Amino acid sequence: MHAEQLRALLEQVRAGALEVDAAIERMRHLPYEDLGFAKLDHHRALRHGMPEVVFAQGKTPEQVEEIAGRILQTSPNLLITRAGRPTAERVQARFPQVEYFPLSGALRAWGDRTILGKGRIAVVSAGTSDIPVAEEALLTAEVMGNEVEAVYDIGVAGIHRLMSARERLLQARVVVVCAGMEGALPSVVGGLVSCPVIAVPTSVGYGASFQGLAALLGMLNSCASNVTVVNIDNGFGAGYVASLINRL
Amino acid sequence: MHAEQLRALLEQVRAGALEVDAAIERMRHLPYEDLGFAKLDHHRALRHGMPEVVFAQGKTPEQVEEIAGRILQTSPNLLITRAGRPTAERVQARFPQVEYFPLSGALRAWGDRTILGKGRIAVVSAGTSDIPVAEEALLTAEVMGNEVEAVYDIGVAGIHRLMSARERLLQARVVVVCAGMEGALPSVVGGLVSCPVIAVPTSVGYGASFQGLAALLGMLNSCASNVTVVNIDNGFGAGYVASLINRL
Amino acid sequence: MHAEQLRALLEQVRAGALEVDAAIERMRHLPYEDLGFAKLDHHRALRHGMPEVVFAQGKTPEQVEEIAGRILQTSPNLLITRAGRPTAERVQARFPQVEYFPLSGALRAWGDRTILGKGRIAVVSAGTSDIPVAEEALLTAEVMGNEVEAVYDIGVAGIHRLMSARERLLQARVVVVCAGMEGALPSVVGGLVSCPVIAVPTSVGYGASFQGLAALLGMLNSCASNVTVVNIDNGFGAGYVASLINRL
Amino acid sequence: MHAEQLRALLEQVRAGALEVDAAIERMRHLPYEDLGFAKLDHHRALRHGMPEVVFAQGKTPEQVEEIAGRILQTSPNLLITRAGRPTAERVQARFPQVEYFPLSGALRAWGDRTILGKGRIAVVSAGTSDIPVAEEALLTAEVMGNEVEAVYDIGVAGIHRLMSARERLLQARVVVVCAGMEGALPSVVGGLVSCPVIAVPTSVGYGASFQGLAALLGMLNSCASNVTVVNIDNGFGAGYVASLINRL
Amino acid sequence: MHAEQLRALLEQVRAGALEVDAAIERMRHLPYEDLGFAKLDHHRALRHGMPEVVFAQGKTPEQVEEIAGRILQTSPNLLITRAGRPTAERVQARFPQVEYFPLSGALRAWGDRTILGKGRIAVVSAGTSDIPVAEEALLTAEVMGNEVEAVYDIGVAGIHRLMSARERLLQARVVVVCAGMEGALPSVVGGLVSCPVIAVPTSVGYGASFQGLAALLGMLNSCASNVTVVNIDNGFGAGYVASLINRL
Amino acid sequence: MHAEQLRALLEQVRAGALEVDAAIERMRHLPYEDLGFAKLDHHRALRHGMPEVVFAQGKTPEQVEEIAGRILQTSPNLLITRAGRPTAERVQARFPQVEYFPLSGALRAWGDRTILGKGRIAVVSAGTSDIPVAEEALLTAEVMGNEVEAVYDIGVAGIHRLMSARERLLQARVVVVCAGMEGALPSVVGGLVSCPVIAVPTSVGYGASFQGLAALLGMLNSCASNVTVVNIDNGFGAGYVASLINRL
Amino acid sequence: MHAEQLRALLEQVRAGALEVDAAIERMRHLPYEDLGFAKLDHHRALRHGMPEVVFAQGKTPEQVEEIAGRILQTSPNLLITRAGRPTAERVQARFPQVEYFPLSGALRAWGDRTILGKGRIAVVSAGTSDIPVAEEALLTAEVMGNEVEAVYDIGVAGIHRLMSARERLLQARVVVVCAGMEGALPSVVGGLVSCPVIAVPTSVGYGASFQGLAALLGMLNSCASNVTVVNIDNGFGAGYVASLINRL
Amino acid sequence: MHAEQLRALLEQVRAGALEVDAAIERMRHLPYEDLGFAKLDHHRALRHGMPEVVFAQGKTPEQVEEIAGRILQTSPNLLITRAGRPTAERVQARFPQVEYFPLSGALRAWGDRTILGKGRIAVVSAGTSDIPVAEEALLTAEVMGNEVEAVYDIGVAGIHRLMSARERLLQARVVVVCAGMEGALPSVVGGLVSCPVIAVPTSVGYGASFQGLAALLGMLNSCASNVTVVNIDNGFGAGYVASLINRL
């Protein structure tokens, strides 16, 4: 970060020449830290009120470890998604406070557990195989300061299971629904609840599922009007937007 | 048909040299009538136990009229699918017993209403816009000799409507389900009933429905194991197979 | 609606055997009115707190008129989307309070203008050609009881126009972004604001836009984490979800 | 399963307050057993009259072993599909009655060999490479209580082989046809027989077969009206529906 | 054409300085006539031994008339494909020797009926709706100097019709097979005959035929090794290559 | 093979009751040998005048070895395509006359080198990476009894290389052209020569080549009329059809 | 435009406080004129050194007329692309200096014909049907101040035509190549010339051309390294970039 | 190379019968060196003024080493792209002047560092994961004789980072932009600068990025007119064309 920009700003504040609110507003748009291979943006926490999140796929364990170190210097919370076991081991060796979730490949430091969300977020999965994606959404929503409830394995072909979960769904303020194969669950859930539903197609399936394309198209064409969609397997994105909504 | 082949066959029967069952078996594989632009196959009625069906799309009103005339010479029942109004008017002018269904574009003569099916076939539609396809399935199943029940407009986003139709679905021996958009209804119905479900994706929808592709992929990936699928908008095919199954 | 169900329920309420809240909760799941060709669900208003919306495409002017009549008996507000001019003329002839918006094809009765949303919804369009979709979102959000601001024609190739609209975007509680062609605008807007962004791909473009597929894929792959996506040209869906969020 | 629900039900039966048929009907919709990572549904056997089937792909050997154990406590029959050798070895080590079929990856316990189907199911493969999928269909149909006949390697380019199998096909009550590449065999078989044909596209082929897409599209467009289609490589689904039909 | 190039060439021939064969060889690569909007290549007749063919689609009646006039100045034969009725009327008004075939939209002058092919070309169609494409192939092969036989309406679902045409197919030196929907016929024909089979997918079908894509993929994946494929609806190309082969 | 059928046939011949030509004709349609996992068809050699060819991909080395043994009992020539090194070693260990071509994965016994083709077949490749596919075509054409010439590495971006190969191309009776990436070479070669051109798209390329789809589409849309197309990477099919044509 | 911003800027210039170059640099990023339905950006002319271009498709004749009027107030040059005849007539009625090109649908005012490009731009078309797209590129390049040469109808199947145009291509500083069907021409031209080649796929073709997709993929996979690609039918974009390059 | 052709040419030059310029022009089209498995074209250096570049993917280390040796005999510069570590080690062992860049897999000899470009080329990457592709473009542009500046990690969701790089972009003569996911960066950069922008879609992303298809479509539909596109991950092509433009 350009130190002189920040110093000038803060001196104005100290001198009473700038209101605190105005200073925060300006800081939202100050620059970022240069790491050589990736530019960290601690101010995203200010802008979105969210900690920095690292997408580990395509990065070496060394790169992830270094980024994690930088973030943990200024934040008690950290989320790393799609990390393999070598990356997990390297990060955990240096930062014992980081927990690893092998199903989804997430690494999480959760030092600050303040609840920021106004209600509960329900994270739903259609089948057992969709749980890794659901877990990524759940961990994201939790580390962002939300009370989260997991409602797993309630696929549409067993409508009775779904109906028996109805009360828990009705009590949520936002619902994230992860489903592969035909991706029909968000439509059914969307018809049951009154709140926003964020649908996550998963790449679960084979043959004509085309790695999640069938589920994605199904969700985009949902006949329930309260459904929006994120990318295939993007549990993080769903948990993130659910958090934004739940803070409103 | 090669007259000499048939005569030889029938003389063998008259002479007692050929059992009736054996004669029918052989006749199954005798040839067909030549019409110049289309070869009729009256023996399909023997083979499949079904009247000849005419797909009017891409044929002129004159061609359809001529084919219809040939069929009605030997059969009291006739089904013509995907006929526009000009074709309908021409056929009805000459054959007053033929009824026109403008929603689906079907023309039907239904002189022989013998019930051949063992149980009832339920024909389900997800939304109002899917009714034309459902109607094609329903008319097909009826003219093939089945008791049919229409259960329309029970899309998955209103699961309560669907649940209130549950009893009627459970009483069917075969269920045909027509749905566009996300095509989720066959999965939910498939989970409710124990009988075979024939799913018909419809081209209803817009944008990422890609003219029924989304519904088709959804149905092929159904998590309900009792679901099989036919082509987009192929109400006829679904009604036809439902009839075959219901006669077993 | 099954009258006896409702009567039984209300008698319980009158007798003091059922709390009002509990009664409303049960009524949420009572059945619907049968119209022959389409089943209206006045209770959706109770469930989602939203008026019934009619998708006119694929319905005859007569059908739309009849549905509109039923809705207007119980609701001062009505939204009909994708209506052609003949449908508009027929509906307006009978219901003079209905206004027609030819760009988007929307018909709207807006008798009850109570503001239910907590903040403002910004509806953004990338180019002039995306305005019909944006207008559908805007009209939906308004009739659902929201203060809405239109921010049109700020495509990413003119980043200065976009930057000059920054303040108005930052003041919104939810942002709807409609864009065709490469569909890049939601990513840029998503990076500027802290609130949820609902992206609507439009079918604007030619050649390799493939009727909105390029924009749809772009939005699903957005590098901004606060973006979710609805179907191509689905302005209604975006306005609807934005309303749900804005009421929280 | 919620024990109290079941106990209450059965006590009613014992007390003569509930007919057996009515009890079975109610039990159809009772809940399921919770396993942590997957919810078993022993009642599916009651609903569909079929044993529970496990899709092993994406599950660890330990998970499959545990699920298998639960099922075998209440059922003499078990079918596990898409199991690799490690899973097979683990399951067989504990349950010696389970047989492994490496071609299709199926594991099967077949303690109860009661025949429930009314006729014979023919399972047809176009080429040698389609046999794994055909075997999955065949094993499924057998364990569901059907007499099954395999008719392998009768591709359409050798029409004489196909014709010589004609008699065996005509004697079947349902025919399952597995074919990759151009997927033409179901159309030809469909024209030969009068019974329902369930087509299974396989991912056999290369280049423009696009992992079974060519065969899938071919089958959906079949000019034979008695053909319905399941997902690519879904031998299980085809065997399952064939069983349902054969029991009618 | 650059006159001086041709004159120099011919003077060499007259002077005995150049053999006739050598002159023809050189002329093969001389340039072409400029028409402003389209460059005719009379030498293609020399190179391929074929008359110039005009693809009328996307050209105005005037353009087609002018091109036809140029060709008919030097050739008794002419083939124009994909011409609408206005183009046909304009061309026929000026050149009465030109015949119009409305089914395929072909216009043909056939002044020189010399037979150049060594055997017979069979042109096969699967259904009635494929005849327009088959006709284009047939007319092309005829005008190129071949004996041609039409074998229409022998789709794979009626294998008996196909078998009864077997002798006629076996007598052909090249077979052209036109089929839409699942496009299975070339595979079956390819297995019956020993000669090259040229497969023409047609855009006949609906839904998942995707305008001929299903048939195209099916033919490319044919399990019969003697099958090659041309573009969807490209009857001309098939007739052209069949002619080249039949002249060998 | 049903021995009695063949014996009856041959006795008729010996008795003078059947001409030799007629006997051969009948034998063309006699049945085949059963191997358990694959049905060999020695009569294909009679029907197409070609040795049996084995597609090794998806078969175990043991299966390939067994099939090879059966074929070599009756034929001096054998072609096995897409064989990995383990299969090659196993087959060569038992049949030393078999040669292995690691580039294309072909195994070939070439005991009978009689030339049956009337002219020369040119096998062309666009780039170095297309040579494996070209080699498969070349080996096929050779073992089928043709004189073959390889013309490699003459891609369209170096038109001078292509032009310098012009004479060799003009002397061929059939040309096979293998090209990946944009697949443009068959069009250019097709314009240069007068004979049939068989185009083989290869999966060479990356990104938007989509595993050969770009080349396939390019070839199907060739503006040269003498081009037909086979499946992606199907060198065998191209060599096979080229042989059929060259024997005419 | 915000008048005060511009005034302040110019006063600084007049006062000598701001160099002219610096002022131009700042003006590059000043805002735009608001038209209600479309925001004109006269400063684009400053930024890119290009006149404003109007894409008429999807705009009413009235809208186009109004935009044209605004532009012509400040610029002697104007290009409107994809205009139908009604739009053309309306615009020409008011602005007689505007010329209409019906083939491409372009409208052009060309008052200022200053040559700004350093060399010549060659615009090449493969076939007659590609000329509309080529014309759009040519008109664009001309109105942007370039000397342009049209080289039409030199498709790759007639390599001799192409070779005879070689000298003209070699003299160009940039080459635009428009081609439909297989889209092979840019590769061949790219191999002949040393300068940048801009490839424009056109939607010319049928069947497996998929509205230009085949040509697009072919060009993206070009084996010539000097080729870049624009959208299908985007003649304007190609002419625009060619102008930018030619001015360097 | 055909020695006699070259000798004849040079003797003409020595004899004064041919100007040097004319000789160079002719030499441009002389043939190439034959290597058995790949034909080198040293004259490409003359034609395009560029060294030979080797695409290592699909070639063995031995082949790459041999080709590299040939090139280094006549050129101080060499670029090998997409080389794995074994190839790199083999080439570096023999040619110590070759440097390896493991991120992009490039090998480069850069003996002649003469600057031939007129200005600077900016190579931009949207995210960290796009750097390998950007590096390939950068190395290509450098070895072709250009001053290059890397501007990495300025994705559109952080528009402030992008704006802070604006000055460096404005100083470039050509900009190469590499981006995966939604591929929006070229549109934004294209709107900021006045020079040509070459967009490189990368295969970075997951789910609906479909290996770079989303980015590719986005770039082809860019609303910025100064953008052209190359194949997915084709950093080399972008660097190559940027060099051609920068030399003008």
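Letters A, B, C, D, E, F, G and H mark the chains as written, and numbering starts fresh at 1 in each.
Throughout what follows, a residue touches a chain if its C-beta (ideal position, glycine included) is under 8 Å from a C-beta of that chain, and two chains touch if they have at least 3 such contacts.
Owing to the predicted nature of the structure, the values given are computational and were not obtained by experimental measurement.
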item: Contact-graph distance - origin subunit C, target subunit F; value: 2
item: Counterpart interface for F-H, drawn from D-E, D-F or E-F and sharing over half of its contact pairs; value: D-F
item: Length of the line joining the C-alpha centres of subunit D and subunit H, rounded to whole Å; value: 54
item: Subunit B and subunit H: spacing of chain centres that average the CA atoms, whole Å; value: 60
item: Distance between chain centroids, defined by C-alpha means - subunit E, subunit H (Å); value: 44
item: Subunit F: positions in contact with at least two other chains; value: 158, 207-209, 213, 216, 220-221, 225, 231-232
item: Pairwise chain contacts, counting only pairs that touch as defined; value: A-B, A-C, A-D, A-H, B-C, B-D, B-E, C-G, C-H, D-E, D-F, E-F, E-G, F-G, F-H, G-H
item: Subunit E to subunit F touching residues, read off their complex; value: 47-50, 53, 118, 173, 194-196, 198, 216, 220-221, 225-232, 236-238, 240-241, 244-246, 248
item: Complex contact set, residues of subunit A against subunit H; value: 29-32, 37-39, 41, 57-59, 201, 203, 211-213, 216, 231-234
item: Residue numbers on subunit G that touch subunit E, as the complex places them; value: 128-129, 131, 153, 158, 160-161, 164, 204, 206-209
item: Touching residues on subunit G, where the partner in the complex is subunit F; value: 126-127, 155-159, 163, 180-184, 187-188, 190-192, 205, 207-210, 213-215, 217-225
